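Below you'll find a set of structures to go through.
The following pair of complexes shares a single chain, subunit A, combined with subunit B in the former and subunit C in the latter.
This part shows the complex of A and B:
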C-alpha cells in the first residue's frame, strides 16, 4: 500500500495571509481515498481559503503540498488540480450565466470537441443531474442566468462530478446545501456517500451540523486559520462539535422556544398579497410585529412573493397591500446584494443614505458610525470597516447585508433565504436580534430553506408551484406538515 | 515613498502626469517660448471638453452599456437654436440660454424614453436620436451665419492674467460635481447602480429615476457646451460638436473613470482634457503631418489607458 494509492492530499503547515488577516496560519490536512471529510468552523475560520488553496486558485504563502504522492509545493495550480482529478464547487457560484447548462459543462472538459460536442456535453450533464437529483427539472439547453440559485447550484454540483478523460479523485463541496431545500440536500448527500463508497473522496463544508455528523467519515474543525480538531465523525456529537468550534453561545433547541405572544386580532394588518397563480388556498397576510415564514421546496414562488411585495412597496403599486417602508436581505448576495467596489461600511449604509444627509450632503461621520455600531451588534469579523466588502468571508458579507436592512428605517424586512453561509453561533444571535426587533414592532417575512428556522416564525406559509398551499401557525408547525404540503401534487 | 504610493493609487494622477509630460516636451522643443500661452489655450479649449465630459462620466458610471452618443448633435442644436433666437442681441441672452437648456432637457427626456419605454440599448438609442437631433438643427438653422451677442462672446473669451474666466467657472463647477458624485444621495446612487443595477434596486434605490436624471444631466451639459462654444467661436455651426463624440468618452476613460461602471473621477477629466489638447499641440510643434498626428494621438491614448487603467481585474 503506497502513499499514492490511498492518499489524495497532504498539506503540511500551509499558511496564507492577506495583509494583516491570517486566513490560514499553518494548517495540516490529509485526505485519503474513499473518505468523506467534513469541515466545519465559524465564518472567517479559513475554510474557504483552504479550499481555494486545494483548488489551485490561491497559492499558499508557506507550507508544503503533496498531491497523490507527488510533492507539488510551489508548482500547484488550477491546471495541476484538474490533472489530478481535484474539483471544487465554490460557495460563490462559478457558472457563466450567459451560457447554457451544456456549454457550462463543456468548459471542464477540453476533450469534448468536434461535431456534436454540445449534444454530448448536454447528455453528460443531464445523466449526472438525473443520477444526483432525480426529478430536477433542468434542461441541458437552459441558459444558466435564467435558473434560480438553487438550480444553478445543482448544475454546478453535477458538473463537478462529470468525468471524461481524467479520473475524478476529490470533489470539494463548499456549502453545497446552503441554496438547496431539504429534499435536494438529501439527494446530494446520499449521492456523496455512494461516490465515496466507490472510492472517490469528498470534502464537505457545511454549517448544518446535522449533515456533517451524519455523512462524514472524519470531521475537521477549523478556528482562526488553524485546525483545532480532527477526529472520526462518530466521535463527535452535536454538542462536542459546537464546543470544538469554540462556540460561546449556549446551543439551545430553537424548536423548544415558546411561541411568541402575538395576537393577530389586535395587531394591525401590514401586508396582504396573493401569488400570480390565482391558486392560493389562503391570501398571504402579515400583521405588525409578526415573523412570517415562507416555506416549501426551493424556488416554488417564495422569492417571487417577496419581490412582488417589494415592488409594490417601492413603486406604490396596488398589486399587493403594503403599509410601511420595506428593506430586503438578499440571499443570492453576488447578484442581489453586494456592491463589490465599496467598503463594508458603505455597503451597510447604502439603504439609509437619506437619513445620513446633513445640510444636503451625506455625512461621512454618520456613515462610519453606522458601520461601527453594526460591526459590534452583528459581529462582523473585519480589521477595518473601510476595507473592501469582498475581503470578508461569505458569511460575514451576509452579516453586512443583514446590517444594511436592520440599520435602515424599514418597518418591514423581507428576507430571501438570508442565512446562506452563516455559522451556527451567528445564526442564533441573528435569530435573537430578529425576535427582539419584531417585539419592537418590525415585521419580518422570512423565506428559508432550513426547516429549523421556521420555528422562529409565528406563521408559516407553504408554497408549491408558485401558490400558497398551507398556512401553519406556530403551534401547528412540524416538518412532516411542511413536507406533506410541499409534495401533495406529486404524491 | 508613501506619497508616491498614495498618489499612484489615484487614477486621476496619471492624466495630470501625462499632461505635464507633453507640455514639458513642447516647452523643451521650443526653448520655453510661448509655453505659458500654450497653457492658456489648453485651458480655453479643455473647458468645453470638460463640460461634456462630466455629463458623459455620470452616464458611463451607471454601468456597462451606458453611453451618450448624442452629445455632438445636442451641441449643434443648442448652439443653432440659441444663436438664431438671440440674433446677436444682448437683451435676448437669458432667452437664448433658456432655449438652449430647453433643447437639452428635451433631448435628455427623449433619449431616456427610447431606452426605457422602447428598451433600446443606450448606445443605439442615443446614436439614432443624434440623427434626429442633427436633422432638426439642419432644418432649423439652414444658412445660419449669426454672430453671438457681444456679451456672450466677451464672457467666453475673457482672461485674467492668462487664465480664461470660463475655465475658472468650469473648474468650480467640476469641484461642485465632484461633491455631487461623492457626497449626495444622487451621486451615491449612480455609483451603486453602476456596480450592480439589481442590487441597487433591492437596496432601495429608485434606479429608473436616477438613470433618467443622468441622461438629462448629460444632455443639459451638452446644451450648455453648445451655447458657450458658439459664443467662443463667433457663431454656431452644424459640425462644431463633432470632435466631442470621441473626446467626451476619451477624457472620461483617461481620467480614471471605470468603463465597467461604478467608479468615477471628476478631477481626472480636467487632466485628461488638458492632456488631449497639449498632445495635439506637441505633435504640431514637432512638425508632425496631419496623418502622423492622428496616428500618434490614437496610439498615445491607447498607451495612457493601458498604463492608467491598471485596475485590479474585476471578478
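This part shows the complex of A and C:
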C-alpha cells in the first residue's frame, strides 16, 4: 500500500484567524483510511472551523494540507473536497427546505443529470436511508420543510453517505445525534462502525462523550484552537477525557446529587394538562418550584405538550390548567429562538418589553441594563451586548435564550430540548442556574433527549406516541426504565 | 386518496386553478355569450404578455429577490420591437440580446455586492423608462409583421391565448421544476448557503435566473406589441404589480424558493379575467384595480387558512 491509500488527510500547522479571534492556531491532524476519529472540545475550541477547512468551505490562513497523498495547500476548495470523496454534515442543517428529499440528494451530486435523474436520486437516498435508519418512514418525494428536525437530520446524514461517480473516503459528522433520539442515534453510530470496517473514514464530533468513547478508534481533544491530546480511544475514560478538555466538574456529579427537597403535597399545583390522545396513564402535573422532565423518543408528543401549556397560559386557550405566566426556551435556536438581525441585549429583552416601556416607548437604558445584568449573571462571552446575536457561539446563543426566559416575569419556564449542540461546560452552568431558580419558586418543564439531563428533574414523564406512559419520581428514575417505557409498544 | 385530496399540500397547489375556475364560471353566468371561441379569445388575449412577465418575475422571486422594473423593462422591449426590430431586424435583435445581457449583469451585481434587489431594480426601472422614451418619444412605431402573425394566430377549436398559456406553463415547469439544474436553481432560493457548500456557483445561478427573467421580459414586450401593433414607453407600467400579484396568486411565496410556473400562468390568467368580469358586472373602471386587490386578498386569505391547518 502506498501512502495515498492509507492516508486520507494530513493537516500541518493549519491556522485560521477571524480578526483577533484565533479559531485555529496551528493544528496538526491526520486521518487514516478505515478510522473513526472522535473529536471533542468546548464550544469555541475550533472544531467547527476545522471541519469547515476540511470541507473546503473555509480556506486556512496558514499551514499545509495534504489530501490522499497530494499537496493541495492553497488550491483546496469545495469542489476538490468532493472530488476526493470528503463530505461534511454540518451542525446547522444544509438542506433546502423547499425541495424534496430526492432533489436535495441531487444538489450533492453534480453527475446526477439527464433523463430519470429524479428517480435515480430518489432510489439512491431511499436505499441509504433504509441501510442506516431502518424503519425511518421518509419518502423521497417528501418536501424537506414538512419533515421534523430529526428526520431532516437523518436525510442529511444519509445524503452524505450516498455515492455516484466518485468513491467516498471521509465523512465528517458534526453533532450528528443532536436532533436524533437514542434509538436512531444508535442506528447511525452502528452504521458508522460498519462503514469504517469497510475502509471508509469518519470524523465524529459530539458533546455526548459516551458516543465518542464507545465508537471512536482514536480521540482528538481540541482546546483554544489547538489539538491538546490525540490518543487511542481505549486510552481514555470519561474522566480523563473531561480532564483533557479542561472540565473540572463532572457530568456524573449530577447523578450523585440527592433529589432536591421538594414536597409535592405542600407546594401548590401550577399545571395540570392531558395530551390529545386521551390515553395518558397519568395526567401531566407540575407543582410550584418543581423541575419536571419530559422524556421518551424524539417527537413523541413532548413538544406538543409544551406548546399546549404555552397556548393555555399566553393565548387563553382552554387546553390545560396553568396558573402563572410562562416563557419558552426554544430548542431549534435558528428557527424558533434568536432574532437574527438583533443585538444580544435586544434578544434577551424581547420577552420583557412590557416592563421596559416608558412613555409608550421602549426605554433603551432599561434594555441595556437588563442585558448587562444577565451577561454578568450567566457569563455570556461577548465583548459588547450590542453586538449582533449571531456573533456568539452556539452555546452562548443558547445562554442568551435562557436569559430571555429567566429575565422575564414568567413563573413557569418551558424548555424544548434546549441543550442541543451545547458544550458540557455551558450545560453544567445552566443546570446550576435552573436548580437555583427552581429553589426560588420557579417551575421548569424540561423536554430533553439526553438521559443525563433527566437526573436534574424531580419528576419525569415519559411520552410515547403522543401520550404519557410513565411518571417517574427522582428516586425511581433510571435509563432502563425510561427506555423500557419508550419502547413498550414495539416489544 | 381522500386524505391526499384534503391534504394542505394538495389544497395549496389546487387553489390557483380553483380560483380561476370559479371566476370563469362566474363570468359565464353573468355573460353566457363569453362562452365561445371569440369571447374567450377576446377576454384572454392579454394573458400572453402578462403571463410572460409573471414568469419573468417568478424567476427573480425564486432566488428571494423582487424585480420592481419588469413593467418598464417590458415597455422598453416593446419600444425596441416596434422601432429597431421592425426597421433593422439585425440591430433590433442585438438590442434585445443586450437587454437580456443587462439583466444577467444586474443579477451578477446584486450577488457580487450583496445589494438589495428592490433598490437596484427600482433604480433600473427609471433607466429602462428613460431609454424607452429616447427610442420612442411619442407613442407609435409598428410591430414587425411576423410578431403580429404569431400573436394573431387562429388556432382551431381552442383560442391561441389559452394554448400559448399552456405551452408557456409546461415549458417553464419542465425547465425549472423537473430538470436537474432546475432543482439547484430553486434550492438557491431555499438555502443558498447549502447550495454554495455543495460546490455550486451562486453567482452563476443568479445570472442564469436574471437572464431568464430578461428573456421572458423580451418575449412579453414582443407579444404585447403583437396585440397593440404600436408601442409606447409607458405601455406596460402596470405589469410590475401584475407580475408580482400573478406569482403570489399562483401559489408562489416571496422567500424560500417556493414557486409554481403553472400556478403563475394561472395567476396571470385570473388577473386578466378579473378585468373582464368587473366590466361585465358594469363596475366602473375606476373601481377595477380596487376590486382586483379584493380578489387577491380573498385568495391569499384562503391560502393562509390552508397553511394554518398545516401548521
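Quick note on the criterion: the second predicted complex is superposed on the first by the 482 of 491 C-alpha atoms of A that agree within 3 Å, B and C clash if a C-alpha of one lies under 4 Å from a C-alpha of the other, contacts with A are read in each partner's own complex, and residues count from 1 in each chain.
Quick note on the criterion: a contact is a pair of C-beta atoms (placed from the backbone, for glycine too) under 8 Å apart; a residue touches a chain by one contact, two chains touch by 3 or more.
The shown structure was predicted, so the numbers you read here are calculated from the model rather than taken from an experiment.
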{"item": "Clash or fit, subunit B versus subunit C on superposed subunit A", "value": "clash"}
{"item": "Touched partner set for A:310, first subunit B, second subunit C, both or neither", "value": "first"}
{"item": "Partner chain in contact with A:160 - subunit B first, subunit C second, else both or neither", "value": "neither"}
{"item": "Touched partner set for A:328, first subunit B, second subunit C, both or neither", "value": "first"}
{"item": "Which superposed partner A:404 touches (first subunit B, second subunit C, both, neither)", "value": "first"}
{"item": "Which superposed partner A:434 touches (first subunit B, second subunit C, both, neither)", "value": "neither"}
{"item": "Which of subunit B and subunit C A:208 touches, first, second, both or neither", "value": "neither"}
{"item": "Contacts of A:82 with subunit B and subunit C, given as first, second, both or neither", "value": "second"}
{"item": "Partner chain(s) touched by A:97 [first = subunit B, second = subunit C, both, neither]", "value": "second"}
{"item": "Subunit B versus subunit C as contact partner of A:341, first or second or both or neither", "value": "first"}
{"item": "Clash with subunit B (superposed arrangement) - responsible stretch of subunit C out of 37-45, 91-99, 127-135 or 145-153", "value": "127-135"}
{"item": "Interface residues, subunit B side, partner subunit A - complex", "value": "179, 183-185, 188-189, 191-192, 195-196, 198-206, 262-263, 314-315"}
{"item": "Contacting residues of subunit C [partner subunit A, same complex]", "value": "9, 178, 180-181, 183-184, 186-187, 189-191, 193-200, 256-258"}
{"item": "Contact footprint of subunit C on subunit A as seen in their complex", "value": "55, 57, 78-79, 82, 88, 90, 93-99, 103-104, 106-108, 110, 112-114, 117-118, 143, 145-146"}
{"item": "Touch list for subunit A against partner subunit B, complex", "value": "310, 314, 327-328, 330, 335-342, 350-351, 353-354, 357, 360-362, 364, 390, 404, 408"}
